[in-house]
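Some structures to go through are shown next.
After this come two complexes, each holding chain A, first together with chain B and then together with chain C.
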Partner chain A sequence: MKRRISYLLIACLMILSLASCTRDPKPPVDPAAPGKPLDGGEITVAMYSDLDSSLDPHESGNSAATREIMFNIYEGLVKIDSEGNIIPALAESYSQSESSDEYTFKIRPGVKFHDGRQLEMADVISSLRRAAGLDSGVALVAAFSAVKEVEQIGDDSVKITLNAPDTEFLPRATAAIFPRDIDPVTQVCGTGPFKLTSRVVQDNIVLEKNEDYWGTPAYLDKVVLKVYEDGEALVMSLRSGASDMAMRLGASQIAELDSLNIIEGSNNLVQALYLNNAVKPFDDARVRQALSYAIDKQEVINLASDGYGTPIGSSMYPAFGKYFMPELTDYYTRDVDKAKALLKEAGYPNGFEFSIAVPSNMPPHIDTAQVLVEMFKEIGVSAKIELVEWATWLDEVYTQRKYQSTIVGVDARDATASDLLSRFVSTAADNFTNFNSAEFDKVYAEAKASSNDKEQTELFKDCQRVLTEEAAAVYIQDLASFVVMKKGLEGYLFYPLYITDFAAIYRTE
Partner chain B sequence: MNYMKNANFRAGVAITSFMMIVILIGLFWTPYDPNAMSGSEKFNPPGLSHPFGTDNFGRDIFSRVMQGASATFAIAAATVAIGLAGGLIIGGLTGYYGGWLDDLLMRINDSILAFPAILLALVMVAILGKGRMNIIISLGILFMPSFARIVRTEVAKQKNTDYVRNAKLMGASDIRILCVHIFPNILTVLLSSVAIGFNNAVLAEASMSYLGLGVQPPDPSLGRMLNEAQNFLTRAPWYAISAGIAIILLILGFGLLNEGLSDE
Partner chain C sequence: MKYVLKKTGLLLVSLLLISVLAFLAFSVIPGDPATKILGTQYTPERAEQLREELGLNRSLVERYLSWLSDFVRGDPGTSYNYFIPVREVLSGKIQVTVALSLISWLIIVLTGLPLGVFMAKEQRPRLGRFGIVSNQVVMAVPPFFMGILLTYFFGLILKLFTPGNFPGFEESLPQTLFYLLFPALAIALPKAAGVAKMLRSSILKEMRLDYVRTAYSRGNSRWDVIKNHVLRNAMLPVITFLAMTMADAVAGSIIVEQVFALPGLGRLLLASIGNRDYPVAQCIVVMIAALVVFMNYLADIISQYVDPRVRLN
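Presenting the complex of A and B:
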């Protein structure tokens, strides 16, 4: 009898388990599904490079990696959400004049800085004036260089007047606001969901939750950013569990990390072989075009990043759907004969030699470089890879422009087209490729001056077309970006900008 | 040859000549172009067409090991040559003449030896820059002190022997005495220190390239290959193993040769 009951039980269990296999009406706990967010906890995030030495949020030379983190600490009048929408931040509401040259922001009441002080109108005015350089004469935030005046209106509003109409101003009104009496070069005090509590240069940065945050507070109590200058050491730290999370890993790096959660997104970077347009032989557009004809973008992606990544054809990435032009991607398709003919025309029938400077801490770019070297060989051009430290790269390549070519990814500061295009204006301070095209300058100026959104979008597209036709750089791809998180961490949001929002990340167990 | 009776020596000769043959062939011919990529052949395990498999770019690892071993060997040999030349000059002069020059140079020597070699190499590379030539120069300079020390001791020992005194009495110049009389007599000691030095040089090159300071991608060297392979340790273990075995064989061969030489 007993035995019969146990058989019955087993039969019942089998049927039940079968049933659960087929329909699974109410799964008890599905480990793959996002769990319930838990408050609190501490995570260690492995970073490729240290933040810049100055954490001044208005500093225009900040690296993308620094801005990615500063997003959590400082806020401006508005900010961007993960969908790319502009949402109110320290401004509760805003309005735009008919002619797009006056913007009025109503400041949110009851916001506290990280040091406990109340946000006052004077702080807002002084921060915005500093960003626009109204007192010093030098606009720190490029987007604010067009600001003519910042005035207080009533008790709780601020009006920004521009020199000329600019429909793109709102998404750029993200310039950080901080207390009027701190020196932002040495002190860090914002209003964001996290506050910076300590920093050891070249080693770590500690962010702690801002308990008084005006908006949705962060889940995590503490985020420790640990710097690994070496890509392999970073991967090892994830494998060993020394770090819980890392952003922006390449396809080759995640191969060893299958025990962790891997989320695929895009990096929102324009990865290209940037050519110094001022030095021989790249001062000749035909040479630049020849290099563009020499490569097969999809093949580069297949070889260097296991097929993850989106080919691009100009200085714009697909997350900016409004401006991205897929048709430019195939403007240059691999054509060895054409490339050789162009080289011959330009006076290099036997090819030439050049060097590619690649930051040594960025394996995805190094991998891409290796593939390009092979592809250039076939058109008779011999390229040499030169690995440089990031600090050296910033100094020699980006600032002093002493290089022949380099492979990096360029990001956008704000969700505007001009962020990815302005650096190609011949006189731009950040025109590190020394691109010089009268046509581009003209079209770009027209686009900036336009107040009609549709017309402006078209003009920005024309800018991209010029870049592609003149082959300002050899545009390759928007790199796939992998975020790796320990099991039990959820909530990573992909933004259309180079941003990581730590406030959205939570533990589930 | 007496040495040939020694088992260590015989094994050393066998392994070293095998590696030398591979390296020599690698200079002129490899089964595939070591840098040629192939998207359809990524991470192929070892097989008939690719005896050591392929890497993340679909490059043939066997060809890369051949050329990488050549690169590593060439750098190690050049390093030892520079180190030995410098060591002979410094050690010969200080050992033969002695005096304040000896004191000065040997104290400098000692202070260089007091630092970990890899640290000094990093400093040198920071000054000279990366790349094959600079690695050879910086490692070469770093290898000088240890050779200088050995040469000095041996020269000082030989200086007071009868045959040197005789040569002096016959009016031979100091240079002639050093080069023609003393150096050939310290050859045995030198040979074994060269073998040890060569092993250290292979390891030093591998470490520097592993750290990304030596041979620059896409060119292979054994250290560079280990650096690339560690990303794929579980996915393509043959990558790291192939480069590792090549390093082991190079070092083992010379190590055994040295054992054999010193056993006699």
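Presenting the complex of A and C:
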């Protein structure tokens, strides 16, 4: 019997020693000095999961992952550049009425769709009307729900009239334009630098260079997006050379990939412990503040993501340059006594229990949750992590708001401050935290009404200040995002939105 | 014949029950296809419109009956996630899973049976004990972990294949089959160990019976006794087990496909449940269940053929 056990032990040890390939954290390597761009070539990009929504460009706003890829295929009247500026796309110029409720776009001549047809005014009008739901009654692109009318002006211009003045409409005029006679649900045909040439569900998506692109054409001839559905398999494919590139890797994954170029950027997400402000005990601002005092953001980043990430203090991330307020980051610094005093004041001298719903497919948020649970213990609050499937999260947490707290990263769809702030207006349809502050509502309304950019920026900053002071959520960090490319590939641009621009990537050898 | 008819009837009833259960399961798990499709851009109006389009606002019974009548006519519906016919979503995926399951089943048969006989025959105590212990260890390793070990060892160290670079049948048949060998091993090894263990104990049990003593007394060697007399009897339980192993191989491939980045049914099933893409998930569940039930059916038929006593129960 004894000998049998020792055989078993030896066999187990052999298996363990094979499996425990240690991961020592290494700092990411800066990309080498950029080489000379070469035209042509084909790359394989490893993706975590297949695009999880319809490829209909008006609906794909529902999923950041789909939007990230569709950016290369479809274009709107304007688009964003990597600096966050709004630049002309299918409109070559535009103007805005004095009162900001009418926008006129002059359409660029000579643009061709991927199927070779010429872009015509009728295509522009039908696409924009569809996005705004003018004929169906329901807007497909949320930002276009404010559109009252879309009409053609002269031979080459289109005028968009809004229900109410909005100075932030221009950055949102990114709704895709496609031929008027295709069914965008099943056919993909845009004007972008890449065209989609084939897709096998749960396997791959092939993008090929648009040779007739109106703007600066792509360097690469072909980009194959390969679906892995498993983090371990994805990293394995990069190590074995089966794929050339991957985006949005976490700190723990790059440790195994030090033979490749690793570029550090940010994910452009506001990661926070979002609290349901409508349920006890989080309906009391003092309780929310106590939780904010309980955590040390830098320590969370160190423990949960190997030190990569940028601490934030309100609903805004650093890539949004002029709106970001670094001074709010340290508004709450870890102070256990103060946190306990606040809890006592609020009537919870012995702390309380609550649960944190975390999407089970998002490891960075799960790691963060584990660190927070430990930090909350020290102020006498016991939190329990509850892993939920993403579809369940969308239904129960986001839509029905049946939850106590959750950790996710909130992104911006377009480059406007409102994209990150409007959801905290008490009546907003997407106010999933049920935040309710008369002061915030007032300042936000003032900001939206302002036509002076400087004044508006200040007002949006005031909005963020209210969120921080009221501790609408426990703001944590903008997660680091790593892009991994094999040697000889360069040109990756970090946008302030959740976008990957394949047209900018090139080979150097 | 009556026996076969009875079993066939049971087969159809179980299939129908499975489809009802799968349908019910998908309707009680939290998460609504409409909220999943709309994501963070959800508005009540758009959700209402979508439910109307997808037919989700009908009652459960109505939905089931219309699904069933379409399904038996060969139309499994349209995917909620990709908005293309389910048939198109599945095309190409079935071949991968079927090929993987068949290869792993062959490995199970070709390694499990000889190994079981060898372990029963082997009388040197040290070697025998080593065989039993290592067999037990291999049996205990779950397929996904075996998959990770195999990718590290054969893929990254020995570089026999490129993990994550599945060529696909259209591209190159021999390369594809070679790539499938590794995930097939991950599924097959634990199962083959199980078959070996079962055959060994079945043989050893037979060895204690009277006819074996008679066979020995006629001067046969241990090997001759096993080969000519014992094996035929000892194989009875193993044959039914092997038929059911086919179903296990399919189940194992669901997990292993993730590890080896294989675009098969298993990966599609997990993704479509996550996406609340019920038409796709329902179709795969019914297909896999049909296979499992059919294999059980086959096992029943085989066992009554080789051992007519079964019919009496």
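Going forward, the second predicted complex is superposed on the first by the 460 of 509 C-alpha atoms of A that agree within 3 Å, B and C clash if a C-alpha of one lies under 4 Å from a C-alpha of the other, contacts with A are read in each partner's own complex, and residues count from 1 in each chain.
The rule is short, and it goes like this: a residue touches a chain if its C-beta (ideal position, glycine included) is under 8 Å from a C-beta of that chain, and two chains touch if they have at least 3 such contacts.
Please read these numbers as outputs of a predicted model, since none were measured by experiment.
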Applying the document's definition of touch, where does A:386 land relative to chain B and chain C: first, second, both, or neither? first
Touching A:399, do we find chain B (first), chain C (second), both, or neither? second
Once the shared chain is lined up, is A:49 touching chain B (first), chain C (second), both, or neither of them? second
Quick one: classify A:373 as touching chain B (first), chain C (second), both or neither. first
State whether A:177 touches chain B only (first), chain C only (second), both chains, or neither. neither
Have a look at where A:232 lands relative to chain B and chain C in the superposition and call it first, second, both or neither. both
By the touch definition at the top of the document, which applies to A:138: first (chain B), second (chain C), both, or neither? second
In the superposed model, which partner reaches more residues of chain A, chain B or chain C? C
Footprint intersection on chain A (chain B / chain C) at 232
Touching chain B in the complex: which residues of chain A? 232, 235, 252-253, 255-256, 299, 302-304, 306, 360, 363, 366-367, 369-371, 373-374, 384-387
Of chain B, residues touching chain A in the complex: 35-37, 39, 42, 56-58, 130-131, 212, 216-218, 227, 230-235
Complex contacts: residues of chain C adjacent to chain A: 29-32, 35-46, 49, 79, 81-84, 88-89, 92-93, 129-130, 133-134, 136-137, 141, 145, 148-149, 151-153, 155-156, 162-165, 258-261, 263, 267-268, 270-271, 274-276
Using the touch definition up top, name the residues of chain A that touch chain C in the complex. 3-4, 7-8, 11-12, 15, 18-19, 21, 46, 49-50, 52-54, 56, 59, 61-63, 136-140, 142, 145, 185-186, 200-203, 226-230, 232-234, 236-237, 239-243, 361, 389-392, 394-396, 398-399, 429-430
